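Take a look at this one; I'll ask things after.
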């Protein structure tokens, strides 16, 4: 019998792509499918997925939970738990269509929820922490249920298959959002489980990742100290938690986060002006266990933008391009050119250099 | 000029320098063959009194009394180094009497011998320096 | 009548012996003797401790030491070792004494752990071409970001030790080892950008110049502790226990308390230096907290405080308590750790292996969410660069090396330190033996050892696809066990090879 992801750690290579409209104009998910499909060779049909931001404007104040269930029994249990802790504003099956390449689908449901006010108060947690705790509770204690998306006005869609087939399966072209990220996976083993596909998401943070980090267990065992539970044993999961921890809990900005997870070398830090050097030394020292080594290119989606980041040695390809308000990030230039042949600007960010793309509202308010 | 210096603080009085010196000047390739059952004639001597040990060899003086005293010119100063021309030595031993350090001595065949910093031997360090187990003997510019 | 037959025999190859008498000159145990009438050397095996001094310096390689094949009638219960110990005690009526680490045949877990390397999915990194970082900070790391009104991060931290490589020289007191040995350690620590540890013997006034690289120890005897001793140090270590002799104190015989040793320890010449088994002001964990804060108060909260404990059965609970007592760093000393002298039976039977202690302490501190509050140093015994890699992957921040450092300086592990007649000039105070250790040689050998280990560690890190040592810390997936039971694997928190 094959061991399901979560019981074993499976390394994988991958393709990543992202499109964001900085003016927050919404567009169809069709473009991102085209982009990721160009990099078909970088996936092997064992995982594909998308994160889409701005797709649920009518429910933008509610947490959108996307949940996989193994069977109806599990669903009943999980809904009891949700009912207990949240006000469920809306629930439905996530619309899908039959695609011959996508098989063994679980039950896939969507819930728009808000924490139950009395439960929230009793927990003495802030709202987002309450949601995070609930997600972990479901994922670790309700066997066969898996929350794979839990942010506001955003959603993750993923499955075992090539990403373009996954996109068609979820009818992604029927959604409109201001930002999409996509992932095609090339695991070195057969996970056969949908939860293992990317993006990996917690609250509004979604992470897609190409690489295999060599610091995995150091990172995992550290982040688990701060209340996270790594259930999937994937790099992406641990990176997501680290980003959530540093951004939401430690309130570091993304440049500072890059200085922790893809820290400059000490020799580079030594050459910095004193203030900057002190700050980098501080971040590297205090958060030393959250340094990520080994190859990665990651795209982090959050409510108001995306961040693209390479490992400190740039051991994975990643290219960024701009055209008017649109910004593109992808593993390969071809994945950008296919949707926008004429670009204003295209560049290859250096290793450890965070490319932070924020929507205009957000940029103004800062 | 680089000279051999001995640091009394580190000299253990083990006398190994004497044996390495004798071996180096023996023209033998095997130390056992060179020194076994032989009386050794070394150019460096360890002097010991109580807990104090000190190896002594030619200082290569700026104004060498041995050269001054030599009646045949067997001892000469060449580039700072005091060397022996064995063919000219007539065994008068004036040099032995003159040397305030006792660094000149008769060899097995009666001709005088003294430290020539292993100049005739290959290797960039004199044998006593190389062989010293505590780096008490050093070869350096001072 | 002496019941004990010599354990070792000195074998002299007379065909090679040139009678230079260096062996005679260098043996403090007077094993070698010159027979003038026969112009030959003779050896007396009874007094040989097998320290190899004569073997090493013999210019013709005419000497070797072999184990005697003299034997008792076969008995796997009453071994020769056991019988001889009884003979010794029946003769002396005393406690058996030994030195250096536990030599008995207990499992060495480091030797049953294998290290990972990258293949295909993740590139290995070439340390000759890419930066490979081994710098480590030790100290409490609090995850709390404070910013000023401009949003700038407040970069002040709890006091830290900054090391170029996660290796430190463990505590060895001036008294148990010689002035020259101390000077060698101090100079090497300075050159390497690491730290050495005074042990409980005070700090000789000549070595205050190495203060930036000095950890001073405060142990149960409080020998040599005064204000400027504390002020001068980079860190202060409270020694609660030692791996070689958990639960008991120390005893430096009066014979070694001479001259500078007496002055540095601040006790009269010739008086025995007896460190009590416990600190008599620490009978419980809350007392420890008071000492930690007394020392911090005395030094203005500018120096990290290390608490060193021996790896004993409930080391996890103790470490957890220590972590909550204000200590910045915990040092754990395994049961194979060395000593200048310890009761043999205690050295060989008390305590637990460092690998297991480390794995369970690291896990416990993480389970309790307090691992960041303290750094972990492990020692007893770290023998190689691979032991260090394995220790760090199990969860250590840094290692202490004691025996390995002594071996680098010339120690041949004859384990006779308690005699005070160390032929290598290390564990002795006899002036003409002390001078055998020339610090300019010994310091370079220490620097070479750590440099060599650092090279090896960088190669292994690169092989794992890691380019900074902090990404190895606690990275137990980089380890696999071989030939270990499920329970052992569970405690070590690693998978079996093949899994």
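Note that the chains are named A, B and C in the order they appear, and that numbering of residues resets to 1 at the start of each chain.
Here is the rule we use: a contact is a pair of C-beta atoms (placed from the backbone, for glycine too) under 8 Å apart; a residue touches a chain by one contact, two chains touch by 3 or more.
Quick caveat, the model's predicted, so the values are computed rather than measured.
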Legend entry - Neighbouring chains common to chain B and chain C, by label: none
Legend entry - Central chain (by mean CA position): C
Legend entry - Pair of chains whose C-beta contact count is the highest in the structure: A-C
Inset, instruction - Return the chain whose centre of C-alpha atoms lies at maximal distance from the corresponding centre of chain B. - result: A
Legend entry - Rounded Å distance, chain B centre to chain C centre (Cα mean): 43
Inset, instruction - Determine the centre-to-centre distance between chain A and chain B, using the mean Cα coordinates as centres, and give it in whole Å. - result: 79
Inset, instruction - Just give me the whole-number Å value for how far the CA centre of chain A lies from that of chain C. - result: 47
Legend entry - Numbers and ranges of chain B residues touching at least 2 other chains: none
Legend entry - Contacting residues of chain C [partner chain A, same complex]: 118, 120-123, 125, 130-131, 133, 135, 137, 141-143, 145, 152-153, 155, 157, 160, 366, 369, 371-372, 395, 464-468, 470-478
Legend entry - Complex contacts: residues of chain A adjacent to chain C: 9, 11-13, 188, 211-219, 221-222, 224-226, 250-252, 256, 263, 265-267, 275, 278-279, 281-289, 291-295, 312-313, 315
Inset, instruction - Show which residues of chain B lie in contact with chain C when the two form their complex. - result: 9-10, 12-16, 18-20, 23, 31-32, 35-37, 51, 131, 133-136
Legend entry - chain B-facing residues of chain C, complex: 15-18, 20-22, 25-26, 57, 59-60, 431-432, 435-436, 438, 440-441
